[in-house]
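Next up: the structures, one after another.
Here chain A shows up in two complexes: once beside chain B, once beside chain C.
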Partner chain A sequence: MENKVFSKDEWLEGIKALQSEYKVFVPVKAGDFHKFVRLEEQTIPDLDYQNTRLSPKSLVYPESERMFEFSTDENDPDYNILKEAQKDFGPQAIIGLRPCDAHGFLIVKRNFDNPEYKDPWWVRRYEASTLVGLGCNEPCGTCFCSSVGGGPFDEEGLDVLLFDLEDQYLAKALTEKGSTLLAKLDGGSEASDKELSKAEEVKKAAQEKISSKVDTSKLADKDVLELFNAPFWEDLAFACINCGTCTFLCPTCWCFDIQDEVYQKIGDRIRNWDACMFPLFTLHGSGHNPRSEKFQRVRQRFMHKLKYYVDKYGNGVQCSGCGRCVQFCPVNIDIRHVIELMNSH
Partner chain B sequence: MKSKIGVTPEVELFFRPHLARIERIFPQVADHRLFQLRFADGAVSEAFQHTPGQFIELTVPGVGEAPISVSSPPTRPGVIEICVRKAGRVTSALFELQRGDQIAIRGPLGRGFPLETFRGHDLLLVAGGLGMAPLRSLLQTVLDERRAFGDLILMYGARNPDDILFKYELLGLMNRTDMKYLLSVDADEEGIWKQYVGVVTGLFKDVSLNPETTYCAMCGPPVMYRFVVQELLNRSVMPERIFLSLERMMQCGVGKCGHCAIGPYYCCTDGPVFSYSEIRDIKEAI
Partner chain C sequence: MLEYVDKIRETARKLLDSGTVEVFIGYKKGSVPMMNEPVLIKDPDQADILWWDSNCALNLCNYLTKRKEKIGILATGCNSRNIVTHIIENQISREQLYIVGVPCKGMLDHRAIKRAVDNKEILEVSEDADTITVKGRDFEKTLEKKEFLQSNCAVCRHRNPVLYDELVADLVEEQEGVDPYKDVRAVESMDPDKKWAFFTRTIANCIRCYACRNACPLCYCPTCFVDESRPQWVGKSIDPTDTMTFHFLRAYHCAGRCTDCGACERVCPVGIPMRQFTKKLNKDAEELFSWEAGLALDQRPPLDVYRPDDYNDFIL
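Entry: the complex of A and B
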């Protein structure tokens, strides 16, 4: 696989040209934060950023997605028949996402893309995506990717990894898809040994800058019942307001809710992101609710990410270490603290 | 711009419901009805082969979907029967529909009772309230292939004498010599009940079980599970031989949406029928 070096201007021009073959998504500054948007004529990509406030999960798994459409008009010959809504599965390139968020896609993939049932829409959109990651030269204080099997320059789940070398990018192709994308870019030159060793230095320096570490290796051996019955859940949940911000921002939260909506005689079946933090999430039609208490829902979220998932897949925790939930929780609940509580119980 | 816009063939497999009609409606006790459904497409109907304990996602057009267990046995194909309590949005809308009206069905979904494992063994079925709905599918399957199974006992606990589902159908079992049917009611305010009054576990005093040869299948409210499981364990029935059907808000039915998560399991794909050995360490399960 090739390593190419582009000047930053060259790179930006290059990805603009990709628009003829891909839907291109880039981070832009919006108010105080960054977010991914579709690259268009007026878009000013900003790759000089920490991370987007919302993870890029919506680019593969929209926050609200029409699954089916139907007519409730009795005069329509196809009345009441649910037909799949038209969707665009054209190739898309996500430029500049962080390695933790690529790791997030791999975690979610275990749920949506298993041999038993492949989620038709998630899988096709994921397969149509080329992920061009940007290594983190300056990880933040809430980043703990290296504690959950990742790292600021982790390559797993990416098709291309970019190294920011001050005035240029070194682009390392990691997959066929990545090579294909790079081959479509004008300019650039084969990376020299000097540039390669500079990239290694940047990577090493970044890894050393990760100050936040928590041990997730003990969770697999913990007893599930003992963790479930641990006394700390009620204390932990006390401050929680069940707002669901953590699940909304999380690149690895995948739950959704299915609803039918009818306007006049046109109906849609829609799926929307949902959150285990909400009491309605588990409410039965009968009124019974298996998780009616707040602490049960808080416990469920952490037990799912840090124990049930661990036991079920035997491949790490359901967390990419991006730190969004730590940064944006309005009552400062910190998943790293929860891991420590679970470790020491 | 080159882009592939289209539909995905996989959707046919499990997300898209198929049209069906309500063929007949039988009123049961208050707020409960038995609906007979038939697919519009004969090929879809033929492909629908379920195991007792499996469920469907029922669409009431324009309203939404709800998970409902199948009450009819696979031995009587063609018509799908569901016994529904009017409770939430979708079931309330279902109760507004008439014979001949359209609904749509996805399924069968989930893991039902292990019928193959049960064959050749004694069976104890324990139902509480609306739990009789999925167990009726198992009961009728066993009765239709009666010689393939050993001793058969059905215990059914209802709230009061007016709340017994499939009342007359089940009354016919009283005279059968090839099975035992025990009925209890929690309360009998009018004093008309001639059989056992009390919780369903009270019925155990009249039966002897061979723990070596008996499998138990049950469906009912969580509180019933706690007591019945304890009763069975006291009688040396192994947890691996006890099967329970759990109820959760199963939405997608194919292990994606997360609503029915129980510990490491999804109720919709790993269940809704679990052996007690699978869930005894998951406190939230029952």
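Entry: the complex of A and C
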């Protein structure tokens, strides 16, 4: 696989040219934070950023998605027949996502693309995506990717990894998809040994800057009911306001709710992100709610990420260590603290 | 406000020790800069985890709803006004509460502070009476607190608690001559198309996480209208019409009850200034009914009582 070096201007020009073959998504500064948007004529990509406020999961798994449409008109020959709504599965390139968010996609993949279940839309969009990661020269104080199987320059789940070498990007192709994308870019030159060793230095320096670490080593061996019945959940949950900030910002939360919306005689079946923090999440048709109390919902979120997932897939925790929930939980419930409580219980 | 910490700990310890209260609600210092975590303690020995600084800007009244114990609670001006509202609306009884009043000089706008350092990551924060110093990997900056107050605090007219059993410090001077509704008047003067564009822009980033609703002590309905499914009042996708419906109806539910504590804006993960909606209703309540929420236990809010001299110009 090739390693190519582009000047930053060359790179930004190059990705514009990709628009003829891909829907290209790039981070832009929008007010106080960054978000991924479709690259268009007026878009100013900003790759000089720490991370986007929301993870790029919506590019594969939209917050609201029309699954099916139907007619409620009795005279319509297709009355009440669900027909798949039109969706776009054309090739897309996500440029500049962070390695933790690529790791997030891999975690979600275990749920949406496994031998038992395949989510047709998630799988098709994921397969149509080329993920061009940007290594983190300056990880945040809240990042703990390297404790949960990732790292600021982790390559897993990416098709290309970019190294920011001040005025250049070194682009390392990691998969066939990545090579294909790089081959479409004008300019660039084969990376020299000097540039490759500079990239290694940048990577090493970044790894040393990760100041936040967690220990998840004992979670797999814990007894699930002992953790479930641990005494700390109520205290831990006191501050929680049961909003969806943590789950909606999270790259690995995958739960959804399905709603039918009808306007006049036309209906849509829509899938929306859901959050285990919401009381409605587990409300039964009977009116009974098995998680009627706040602490039960808080417990569910952490047990799912840090125990049920661990036990079910045997592949680490359902967390990529991006630190968004740590930074933006409005009441400062810190998953690093919860991991410590659970791991040492 | 740091000087309050020792007094808060001492008071909580005393109240729990003497059995005056069974639990005490305050803040503990957060794990990331400019964030603190609401905490409930039961044991006098836990009093030392209590904390206070200029980032205690949630509304602790939110944690009182329908609790059964005898509770000690910290209350700034706005928080105390919400406690009054809670008592009037039968969400908690006055007899259950021992209110420790915290005269407040305003909370800090964490977004404005981050903006002042170009949104670079702040790793450490320290503050004294008038300034806050923020440090990151390659910067250190000292800012005047009064220039970085939350926008609700900058126009606050009730910094001192209106209801308390004791105070952690002397009352502070109230701000005179503030104009709380300048921005509302700017919106009022827009024509309908401009207004609609303004509202649409205001909520464009909303992800329907409901942090604003859930941080608000006024939102205690057992089932919120957005969660009601029989009948379903509002769609649950991020269709702009539904998102707008959520924000407007939430604001209307707060009419004549909102104390402009700013918790809704503080907690929003995408920075939506939803006080633009609630403030318009506060302004109406003030102009039409001479009413500010939560100032007295013996007055009913204007929208749950009829008075013969109520404003009625809208009746044709």
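Keep this in mind: the second predicted complex is superposed on the first by the 345 of 345 C-alpha atoms of A that agree within 3 Å, B and C clash if a C-alpha of one lies under 4 Å from a C-alpha of the other, contacts with A are read in each partner's own complex, and residues count from 1 in each chain.
Rule of thumb we're sticking to: contacts are C-beta pairs under 8 Å (C-beta built on N, C-alpha and C of every residue); 3 or more make two chains touch, one makes a residue touch a chain.
Only a predicted model underlies this, so the values are computations on that prediction, with no experimental measurement involved.
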With the two complexes overlaid on their shared chain, look at chain A and say whether chain B and chain C clash or fit. fit
Which of chain B and chain C A:Lys109 touches, first, second, both or neither: neither
For the superposed three-chain arrangement, angle chain B-chain A-chain C (C-alpha centres, nearest 10 degrees) equals 90
Touched partner set for A:Phe68, first chain B, second chain C, both or neither: first
For A:Leu82, select first, second, both or neither according to whether it touches chain B, chain C, the two together, or no partner. first
Per residue count on chain A, the busier partner among chain B and chain C is B
Quick check for you: in the superposed arrangement, does A:Ala239 touch first (chain B), second (chain C), both or neither? second
Considering only the touch criterion stated at the top, classify A:Glu138 as touching first (chain B), second (chain C), both, or neither. second
Touching A:Asp257 in the superposition: chain B (first), chain C (second), both, neither? both
Enter the shortest inter-chain Cα distance between chain B and chain C once the structures share a common frame, rounded to whole Å. 6
Please identify the positions on chain A that touch both chain B and chain C, taking each partner from its own complex. 257, 259
Contacts from chain A onto chain C in the complex sit at residues 30-33, 50, 53-54, 63-64, 138, 140-142, 235, 238-239, 241-245, 248-249, 257, 259, 261, 270, 272, 275, 278-280, 326-334, 336-337
Which stretch or stretches of chain B touch chain A in the complex? 1-8, 10-11, 13-17, 19, 59, 61-66, 85, 87-91, 102, 104, 247-249, 251-252, 254-259, 261-264, 269, 281-284
Would you pull the chain C residues touching chain A in the complex into a rising list? 30-32, 35-40, 58, 62-63, 111, 114-115, 119, 121, 123, 137, 205, 207-211, 213-215, 227, 229, 235-239, 266-267, 269-271
Using the touch rule from the top, collect the residues of chain A that touch chain B in their complex. 19-21, 23, 67-68, 70, 72, 79-82, 84, 86-91, 111-112, 114, 116-121, 124, 128, 224-225, 228-229, 254-260, 262, 267, 271, 274, 276, 281-288, 290-291, 296, 300, 303-304, 308-309, 311-312
